[in-house]
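Heads up, the next two complexes both have chain A, just with different partners, chain B and then chain C.
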Partner chain A sequence: MLDFLQTLSDGVLFGATYALIGIGFTLVFGVMHKINMAYAAASIGGAYAGLLVLKALATAPAWMVFLGAFLAGGVLGWVVYAACFHFIPLSSPLAPLMSTVGMLLLIDEVIVHLTAGMPQNYPAMFDDVMLRAGAFTLRGDLLLVFGVSLLCMIGLLALLYRTRLGLATRAVSQQAVAAQLCGIRVARVNALTFVITGLLGGVAGAMIGASVGTLSPLITMPLTVKGLIVTVIGGLGSIPGAIIAGLLVGGLENVFQLYRGVTERDLYVMLLLFAFLVFRPGGLFSRT
Partner chain B sequence: MDFYFGLGQLIGVHTLLGLSAYIVLLTGQVSLAQAAFFAVGAYAAAMLTVLTGWHIVPALGVGSFLGAVTACAVGFPALRVKGLMLVIATLAFGEGVRLLFFNFDYQVAKGDLKVGPLGGEGFRQIRFFPEHGWTTGEVMLFIWVFVGGVMALLWWFDRSRYGAVLRAVGEDELAAQSVGLSLTAVKVSAMTVGGAIAGLGGGLYAHYTTHIEHASFNILMATFAIAYPIVGGLRNVFGTLAAVLFVQAFLVEGLRGLGDWRNLLFGALIVLSMNLRPHGLFGRRGA
Partner chain C sequence: MKKIAVAIAVALAAGSAYAQEKTLKIAGFGAKSGVVRSFGINSEAALTAAADVINKQGGVKLADGSSAKLVVEFYDDRCSAEEGISVIRRIYGTDAVVAVGPTCSNVAEPLFGILQKKVEDKGDSGLQMPVFTDVAIKVGLARISEWAFRNVPNEMTMYSSLFYWLKTRYPNTQNVYGGVEEDFAHSRASWYAVMKDRAEANGYKVVGNSKWLVNDSNFATQVREMKNANADIVAISAHPFTTCGVLKEMQRQGVKPKVLVGLTSSSSLETLQGCAKQAEGMIIPTSFAPVTKEGKAAAETTARFKGAADLHSMAAWENMFILKQVMESEKISGDKNQLPADRRKIRDGLAKLKQTQGLLGVTKRTEDREADKPYLFVQAKGGNWVVLHNPL
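Entry: the complex of A and B
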């Protein structure tokens, strides 16, 4: 029982990063009705770019690396928008799908090229802190991951529901044409959505790096799949859904790993997804 | 010369992979499960020739049939969801099948060595061609007989009523439904044909590489499957063939001198070609 609780709580804490990636997919889908397949790769790319801070200043504390990842993620988000969406007509559904897949491969290869394919150590914070309650422990670095992710989500929700930019974003996601008629510059909102999701992605990438301890381009593909699964379970376009689904997938994945081993773990996550597709295709919070 | 025959085999198998996605794309559906059907065909055909000693032709037939059955079985639940949800559903199904083969052990002793699929290590010793003394050139011809057959079949489909039905569903589902077409039947049938083609390609792939493992049938292969017809355009089957030649012969082999930079160029060229020709290199112009 203790093992179960321990595994579950560790998983839920790490699941906060899945939630961030899920939010990124879902936000772009909500606004543009397109999938940005390059998102997880761009997030990891942002985290790698954060390491440049250490290159410039070897004694830089971990939070500066995280900040660097955050900013670099935003820049990469804009680059993905400019390269994969801006010049492609909205009417062709296949072209942006393919261009973002191309971008995914490109970002992966740039990372491999620049790091010679070697996994890079990533700095962490509070990794020597351990909260104890009897035999039950909470790792300090995972708590930080959870806390930072939570802060980002609160920041995003505040942005969406408390600012004019957020109002414009929600208007475009409801009815792009009507929003345009009201004088909202749709292309600008789209681009800003990519920057915002990119910022979130940079944080998610940095948090993954911090909790795992290393970064490797090998994790972009599994992360893409996990992020998309979170998006579907939460319901395409639903931000609260993505948050809950991220924590759920993170927790259950760890539990599956405890009972069935690491090779079968993801198989059960897929089965979970299929259960949702068949019984609740609208996601966790759908009303139908 | 053997090098070019080997390249010919690779191009042939990848053409089959691309064509299996081509027919599904005609109905407007994007399936990232083609690598899974390919894997099913590969494992089934290889197990038949290696473990039971069948001849390759019936083994390919069974592999292709199982690919079709799998595709049909996925088609029914998956096609309930549309568009981008389908992309994710098929992507997850493909990963699920890959993970199944990752955990799949079935070995039998044959002489003094054990053969058969072994989880993460994969399936070694698929030696039908060398055991029967086929040369590389003969294997290439054998593969291209199937490629030619499938291309001819799809070419004929495109010119028949069935092809018109597929494209009608792809262009406008509502209009297609209002003239009395059953969307589910059309989509599932396209998926099934695609699964059969992928299964056939998988069987051929398993035999010319002589070694298959779960990691080959990953998302990358699934994206290649849809990349060929999308990059080549959906006007006819030759777009897919041209895209395979462009990617495998020109980008992968022709630019080998560039070494490491080739991989960078690959992603960048896909992004660039989609920006310049959103309907494919040989697709129609305009929106």
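Entry: the complex of A and C
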């Protein structure tokens, strides 16, 4: 029982990073009804860019690296928007999909070329802290990741529901033409959505780097897949759905691994996805 | 005016002589993109550096007594089997006399499969191209084709020696726990067929193993299993990214085995770049460390060509000198019209070798075209790999 609880709690805490990635996918989908396949790669790209802080100042504390990742994530978000959406005919659903797949590969390859594919040590905070209750433990750094992720989600929800930008974003997501007729600059809202999701992605990338302790371009593809699974299970366009689904996938993934082994783990996660697609295609929090 | 005309004539004559200078193309190939890109970069640098040294010493002597300079052309196979096969077919279509590569065992295995199996088999239409592997290390691959040769360390010998040494050096160690990257050909083979087997053969009890995948990022469950096993020795058969992830998780969970053993390929800069602090004390058997005069010189020359010296890139370096020796002893023509014959001579010359001179000493060649290279044990210390023990 202890093993089960420990495995589940580790997975749920790590699932916070999936939730952050899932939110990025779902927010863009909610606003533009398009999938940004480059999101996880841009997030990891932001995390890598955060390491430039350490290049400039070797003794920089971890939070400065995270801040660097946050800002770089925002810049990359805008770059992805400009390159893959702004000048692409959005009427064809395949065009932005393919352009973002291309961007995913491009970001990946740029990282590989700049680092020669070598894993990079990533700073963490509270990585030496372990909360204990008997044999049950909780990792301090994962709790930080969980806490930061929660703060980001709360911040994002506040932005969406308490600001004019959020109102405009929601208006565009519900009816872009009507929003435009009301004077909302749709292209600007779209660009800002990418910047906001990029900022969030930078945090997600940094949190993933911090929780693993190492960054490698190897993780962009699995993160993309996890982000998409979380988005579908949570319900396309639903932020609370992405949060719950991220934690759920993280927890269940670990439990599957405990009972069925690492080679079968992803099989069950995929089965879970298919189960949702068949029995609840709208996801946990369907907006329809 | 007359002087200018003479100068022009001399320049033209020199240019013409330069244009006629014979060259021998060596095709290098390996991963120069993707996450194992550093292997390809280092191999290319070592091949080019070695070619530069050979050329400065006069190049390769040909059958007619003239000399030819070595030219290295490197191809990227992206560590993909399909790309690798396509690359070797392209190399076959060029005037390269021999190919050196690939990086990945999952490329080497199918690639050797499209070479002619037996040289005298007229019915076999497989490629007749000598391939001299520097990096791909999975046990026993050269036996696939008589055109395949390898200069990679023998993991069986190295880990056998390592566990034997550990048994004498740490007599109170009784059991071993493994950690394996389950979906990577080399890591998997190295644990199940080499480390586990050699540990048991040397009197250790293998008390279990944890598995993870090459692009995993959460190792909490696996390390908990490792912690529960409480083994004296933990042997990790994985590449640097997951090795570092696991080592960091071991540190968090307070897993401190008496001895930590790593995979041969991890005795590189990558591991230290990712987790030098957590890798402190890790012991790895390797076929290269810059401990000899030749080794130091090779490492320095390769560094000038922007490559790092490790067991893989230095195998590429050694291959160039072995090939020079073979091309000269087999008296290849260097004539493009005699290309198939030259390739065959190189193959036969490589097959004849009983031993070669390596950077650590003499390498024995085996009947199945593999190498039995000298090796030593290195340990991660203060952000560097330092020689811990030289068993030879």
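The rule is short, and it goes like this: the second predicted complex is superposed on the first by the 285 of 288 C-alpha atoms of A that agree within 3 Å, B and C clash if a C-alpha of one lies under 4 Å from a C-alpha of the other, contacts with A are read in each partner's own complex, and residues count from 1 in each chain.
Just so we're on the same page, a contact is a pair of C-beta atoms (placed from the backbone, for glycine too) under 8 Å apart; a residue touches a chain by one contact, two chains touch by 3 or more.
For clarity, every value in this text was computed on a predicted model and none was experimentally measured.
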Chain B versus chain C as contact partner of A:Asn36, first or second or both or neither = neither
Message = Tell me the contact category for A:Ser238 with respect to chain B and chain C: first, second, both or neither.
response = neither
Key: Chain touching more of chain A, residue-wise (chain B, chain C)   = B
Key: First, second, both or neither for A:Asn254, with chain B first and chain C second   = second
Query = Touching A:Ser173 in the superposition: chain B (first), chain C (second), both, neither?
reply = neither
Query = Does the superposition put A:Met221 against chain B (first), chain C (second), both, or neither?
reply = both
Task = Pick one for A:Ser149: touches chain B only (first), chain C only (second), both, or neither.
result = neither
Ask   = First (chain B), second (chain C), both or neither: which does A:Gln6 touch?
value = second
Request  = Determine, under the contact definition given at the top, whether A:Asn121 touches first (chain B), second (chain C), both, or neither.
outcome  = second
Ask   = Which partner does A:Thr193 reach: the first (chain B), the second (chain C), both, or neither?
value = neither
Note = Where chain B and chain C land on the same part of chain A: residues 109, 112-113, 221, 263
Ask   = What part of chain A is in contact with chain C in the complex they form?
value = 3, 6-7, 10-11, 14, 109, 112-113, 116-121, 127-128, 130, 137, 139, 141, 208, 211-214, 216-219, 221-222, 254, 257-258, 261-263
Message = Per the contact definition, I'd like the list of chain C residues that touch chain A in the complex.
response = 33-38, 41, 182-183, 211-218, 220-222, 224, 240-241, 244-245, 248-249, 252-254, 269-270, 273-276, 278
Remark   = chain B residues touching chain A in their complex are 25, 30, 77-78, 80-81, 83-85, 87-89, 91-93, 95-96, 99-100, 102-103, 119-120, 218-220, 223, 226-227, 230-231, 260-261, 263-264, 266-271, 274-275, 278-279, 287
Ask   = Any idea which chain A residues touch chain B in the complex?
value = 29, 33-35, 83-84, 87-89, 91-99, 101-110, 112-113, 221, 224-225, 228-229, 231-232, 236, 263-264, 266-267, 270-271, 273-274, 277-278, 281
